[in-house]
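Following this message is one structure expressed as structure tokens.
Chains here go by letter, A, B, C, D and E, matching the order in which they are written, and residues are numbered from 1 within each.
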Amino acid sequence: MLYREAGDFKTTYRDDGQTFPITLDRLGYYAILFVAVLIVPFVINDYWASAVLLPFLIYAIASIGLNILVGYAGQVSLGTGGFMAVGAYAVYKLMTAFPEVSVVIHILLAGGITALVGIAFGLPSLRIKGFYLAVATLAAQFFLVWLFNKVPWFYNYSASGQINAPERTVLGWAVTGPAASPSAKYLICLGFVIFAAWVARNLTRGMIGRKWMAIRDMDIAAEIIGVNPLSAKMTAFGVSSFFVGIAGALLFAVYLGAAEVTEAFGINKSFLVLFMVIIGGLGSIFGSFAGAAFLVLLPVLLKNVLVGVLGWPTDLAAHIELMIVGALIIFFLIVEPHGLARLWQLVKEKLRLWPFPH
Amino acid sequence: ELIVPNLSYRTGPYGANGTQYADGFNDYFTLLNERDGGIGGETISVPECETAYNTEKGVECYEATKDGALVFNPLSTGITYQLIPKVGVDKKVLYTPGYGRTSAKNGKVFEWVFNAPANYWDGASVAIKYLLDENGGDLNGKKIALVYHNSAYGKEPIRTLQELAKKHGFTLTEIPVEAPGQEQKSQWLQIRRDKPDYVLMWGWGVMNQVAIQEAANIRFPMENFIGIWWAGSELDVMPAGEGANGYKALTFNGVGMDYPIYDDLKTHVIDTGKASQGGEHVGSAVYSRGMYAAVVIAEAIRKAQELAGTSAITPEQLRDGFEQLDITPERLAEIGLPDFGPEIKLSCDNHGGSGMARIQQWDAAEKKWNLITEFMEPDAEVLDPLIAEDSAAYAQEAGVTERSCN
Amino acid sequence: MDQLLYGTEVLINGLMTGVMYSLVALGFVLIYKASGVFNYAQGVLALFAALTLVGIMEGQVPFAHLINAMFGTHIENFGWNIPAVFAILLTAGVMVVLAILIEKLVLQHLVGQEPIILFMATIGLAYFLEGLGDVMWGADIKTLDVGLPQGISDVVEQTTANWFGYGFFIDRLDIWATIIAALLVAALVAFSQYTKQGRAMRAVADDHQAALSVGISLQFIWIMVWSIAGFVALVAGIMWGTKSGVQFSLSLIALKALPVLMLGGFTSIPGAIVGGLIIGVGEKLFEFIMSSPDLAGSWFGFTISATENWFAYVLALLFLVFRPQGLFGERIIERV
Amino acid sequence: MLDTAAASTSQTEALLEVNNIEVIYNHVILVLKGVSLSVPKGSITALLGGNGAGKTTTLKAISNLLASERGEVTKGSIVYRGERVASLNPASLVKKGVIQVMEGRHCFEHLTVEENLLTGAYTRTDGAAAIKADLDMVYDYFPRLKERRRSQAGYTSGGEQQMVAMGRALMSRPETILLDEPSMGLAPQLVEQIFEIVKAVNEGEGVTFLLAEQNTNVALRFAHYGYILENGRVVMDGTAQELRENPDVKEFYLGMSEEGRKSFRDVRSYRRRKRWLS
Amino acid sequence: MLDAPAEGYVTADGRQIGPVVMDLKNITLRFGGVVAIKDISFDIRQGEIRAIIGPNGAGKSSMLNVISGFYVPQEGEVWFKGYRRGPMRPYQVARLGIARTFQNIALFDGMSVLDNIMTGRLNKTKSGFLSQALWWGPAEREEIANREQVEKIIDFLEIQNIRKTPVGRLPYGLKKRVELARALAAEPQILLLDEPMAGMNVEEKEDMSRFILDVNDEFGTTTVLIEHDMGVVMDLSDRVVVMDYGRKIGDGTPDEVRNNQEVIDAYLGVAHD
């Protein structure tokens, strides 16, 4: 019995309701937090930061956001790219308009603005359901991208329509702009990730989360037992877009440094984040992390193996990489449709029984 | 060993073009390594990294290949914008021939970026110059339509063309096409109604093929249809078949196989099986452009070695090499590419060269491009203030102080 | 007056474009109807079919690039040219094989899963097929010519010029597309409404388990529909490939088909056509009006352009607000 | 007890034989822990037991529908007419004459009532006339369905759906019907009627029935033989007669005590003498 | 007994039945051509157990849906506690204190039993969005208070051992019990039960009956019950409405209904003991 739950009794409901009720889990969680905050920043380099860690952290936030909407509230959205763009452009406008205000506040405000936009585009969800809604959210995706491309005010009338993140500091450390060190960028993203995960966890374990899940599982029954579908869906769209907006803001300001809306926030982004959520596990915050890690790491890993180790020509490698990614997605869906999170849970269940088969 | 990463894209919507370009780029360095043992005794290593024309993968590729690298050529305006601030900090050269940020021509602001021999504004100006020549120097009252990819890339020439329209008295209609651009019926119906005298096109990928097909469909006179160099490959015209005959495009490099260098390429690279992708695309328009980019980089390296007195140069030294680069027609002939490109003479404040370009025209029967003009100069009078203005804006936004070039 | 004529021309062309969208949308509808699977891979299927068709017609060696890279050989071409008709038949055969493989390797293992999981699986499939298409046939842009006419129809132009003093533009390819689409739709409607297989297909879409329990072989139904959808994709691939060359971007036409679907209803074959027509006309007219200085310019004082990508979706969205199941979709059953 | 049961049924030919099967869901949840039963040809066999005993699971194991619920038979075998079921897919099992009426109705919501019934005839090859005749037969059994034949099944009432499910199974002219809780949600006289139909079909056409039922009362009146499942195990079996008379069965499943049926209102404490805190 | 005094009365076994809380007047409900309910009126008294019976498709569930606001009748009025209820969304009806269970179980499959039951306490939760997001004092306190209530119900219905199981995995009968628990968690004034005992064996039905009676006794909860098991209906209910294809064909005490010839013909088949 490697992993045990038995004997881990709770004597209060507060204990029972905590995030990691099992001691072993809790210890693991603290260990990861310790490494992430106190060790990684000192060993991080440019490559690890930009190729792996920053995208992982930023996409984790976006996945948490989308997971709230899709995984918890059951509203499938393909507008993530567009909402990330809102976050990015909002933070850009704020950063350039109010240079003296802290960028952290800008990012939070950008999230807030995105939340409002998300709510506006979420309104049709009251009538439209399932895939119809999914396709309808593409309207948001395409419209927003077009808007940011079209209206010069959004990109401060720059000749090419690109936006560039100016340098901003937090506690004297540059976190945006080319001079920002990898560890500063990493730490600010990490901060937002922890914040996002914590808030998401709080919301999903409480009554709001239950309303969302009720709407997801059976919206009519939910309404009959007293869930107001309007407020449940709109809070889901709002919270989800808030996180997605923060992710968009970080992606632009901290990670990329410059962006063009059609390229950086196209429909592929929407699919990518949705993939993370589904591969990771719908309705699981851990799953959001797992999904983000999987889809950020997998291509990098494949590329390094196929090109670096096997020495294949890059184009062949790239095409085969597509095939492998596609095949792996299918494979994972077949093995465990409920995602990596469920797989992890099953492993734990197996471990609990170990060495007995059931 | 000198490292010149090749941030290429061989997949995705623009993969077909990216492949040809990357092949040309690789093959030229392979030729130098095989034939001359590299440059100045240093072999050139060209690690390739697939960006899929995607900015994030571009950044990853940049970071992955950064160590020891001298110069980057990402062939994507989006990735270029990403890298411009980064190369300043990392001190790497960014070479973006015929794409990227136009105002990077101003070396005082963009210390590490070079975009010789020509940029989009040059292209726009040369196209108008050509039309002026065709019309006896007068475009007054003419209607010119610009069909463009609705992105940073496509929007680049608008400012210039507007200025030129003021100057020469033609009217400019802007017709954006949303990427990817498979469906352009509205745009071409509009052209059919408006009957512009000329159509200019800033397109990329499938947009080009469809535009050329639609132009043929409405029987727009192909000789009045001029594309930027990225809308001037065989790939763009072939699907329209006969209909594309007479279509014109700008180019800043020679086309076709009538250059001595191809003999060397054949003996040293293609026949030895070392060609990138088996040499399928040798001689195509985009291949030639990739090769040309490699030629310029190689020349800059040569120059830098000369200046630094060492063969193992650093990126700083390469920058100096670029800034003193002078590719004369004689030198081009020596390389085996006579009249292949314009003369390139760069300096500390001019990172963009002369901006000359020429026109090529498609012959559908022969399935080849013919060069129909000599290199033409852009209109510096119009362009210089624009460049000054845009680079100043960037300098202010990014907090860069202009360096002095004396 | 001129604006009216132009508007009419735009409208007619919008209808034609709509038909082209419908060709892609049809494939979606079939698969959705039969399995409740929202098949994102339909666009890639069209690309794959077109690539295969060109490859077969031109006698390309499949996987040549891979083989060459692995064995250092230089094979490219079998050196034969196959007439279009045979090539189309052969390609249809390939699509059947593909359908069988998809069923065996993917769908079979996902019986009874939630729709979104199946949807994701088809996106995985799209990636896979995209890579496979590239590896098999190369990433070049290929010219496809199966003998369909292209370009302005002189007959129409002259007749209308005689009538209205303004010759309308209609692409002959579009006329063909319309004819083919009409035939396809008639055949498919008859199939799904009036045959036993068609009924079984709809049953499967409702409830996998129950379908199994009455002895409907999911395997058979799925192979059947995916084959038909593959064939529809081939038709769409031919049409679009003739227009723009066969290349990666062909797979993106799926995005143009989605609003069509949404508007027509995911489950309705006639809906795919009507939806296509509405979307085609709507987006073209909107673009025409909004980008014309004489219309929007004089009405609102500004013009906007390049609206087609989003307008189709917004239009469909508006329709959905009033009919959440699309114009012809099956009513969404809401009961407790 | 098991042995004697086997002995008593072995006189008639066993059509369906379930030998000691074990079923696991999701690779971890062990639900059936060795269930064996045998269904003689032409009989009505009842599977009784409380909630969660594993009746549905047993039926699904037989009709091979577990796979789509992430369940699998990990031990034991199921043999139908001498052939192992595991090697057949559900569709060919239907062709062989085994059809299941699933718990919870599972109608095709978007199909009309009539189309639902016709899907039942999917595997039949004996021509449209025969199918039409059977359709009329089903409408005879359930006149209510005839009235609602053009409505989408999703909009019919719970009981109507149950009739559709039953009718659909009859439409396939099966040799064996696995019935999962046929009486659930049906009005009393309809329950009676459904069982009458079961009996009629059984006697008239020799169709074998294996039915899972909570309504022990009715089930034991019509069945020939019964198995009682608890917790994934067969705890008792015997002829319907024997079971009806068994005092435990009487008490726990038929709700009878020595004094006869008790009023539900008079059940003052819980059967299993559980206490609740409040 | 139908003309019982307005202010209520005491039953034989000593329970207090109050005045009319809900009065349904001339309800008619149509779906296209199908008339599910045809001009039906009846009332529900405080604290009583009111059964609705009738053949399949008679319109019983539809009636419940009308009461809980999911179907809006074309004609007729619903009076609740002396006020005429205006057009209301179902969640607003729920806030009035009407909770229900469903014929085709409508549990939230993706959630655990505990969470399902906790959703019942939805309308008893007051803490705001921010406080929940940050898990501030009130949110946590309220959560714990809700949990205590829910645990009582869990104990009461004896489902302690499945507390954390996802409901999707539960067998049918337990699901029904969880649904009841969810409805109870709302501390409703009126509890609507749609075939709570379908798919149960006698023993389980006895348990269920016990729960229903205890809830009624303990909290005085008014209960509307649809059930096909006549034994249960006759034993538990105070008054019974009989529907037949949209019409009301009987209304009265179990004994009255049992001996009503029309009811026997339409529904019971044989006279039940």
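Heads up, the rule we're going with is that contacts are C-beta pairs under 8 Å (C-beta built on N, C-alpha and C of every residue); 3 or more make two chains touch, one makes a residue touch a chain.
What you see is a predicted model; the values in this text were computed from it and never measured.
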| item | value |
| --- | --- |
| Where subunit C and subunit D overlap in contact partners, by chain label | A, E |
| Farthest-lying chain, centroid of Cα atoms versus that of subunit C | E |
| C-E or B-C, whichever has more C-beta pairs in contact | B-C |
| Centre-to-centre distance between subunit B and subunit A (centres being mean Cα positions), rounded to whole Å | 37 |
| Inter-centroid spacing, subunit E versus subunit D (mean Cα positions, whole Å) | 29 |
| Computed distance of Cα centres, subunit D from subunit B, in Å | 74 |
| For subunit A paired with subunit C, centre-to-centre distance based on mean C-alpha positions, whole Å | 32 |
| Contacts with two or more other chains, residues of subunit D listed in rising order | 29, 155 |
| Touching two or more other chains - residue numbers and ranges from subunit A | 146, 220-221, 224, 313, 315, 319, 322 |
| Subunit C: positions in contact with at least two other chains | 65, 134, 139, 306, 309, 335-336 |
| Chain pairs that touch, as defined at the top of this document | A-B, A-C, A-D, A-E, B-C, C-D, C-E, D-E |
| In the complex, subunit D residues that touch subunit E | 25, 29, 48-53, 56, 103-104, 144, 148, 151, 155-160, 162-163, 181, 184-192, 214-217, 252-255, 261, 263-271, 274, 276-278 |
| Subunit C-facing residues of subunit B, complex | 10-13, 15-16, 19, 150, 174-178, 180-183, 185-186, 189-190, 192-193, 205-206, 209-210, 213, 216-219, 235, 238-239, 241, 243, 273, 277-278 |
| Touching residues (chain side subunit A, partner subunit D) in the complex | 346, 349-350, 353, 358 |
| Contacting residues of subunit E [partner subunit C, same complex] | 65, 70, 102-104, 106 |
| Subunit A-facing residues of subunit C, complex | 38, 65-66, 69, 105-106, 109-110, 113-117, 119-121, 123-132, 134-135, 139, 255, 258-259, 261-262, 266, 304, 306-307, 309-310, 313-314, 316-317, 320-321, 324-326, 332, 334-336 |
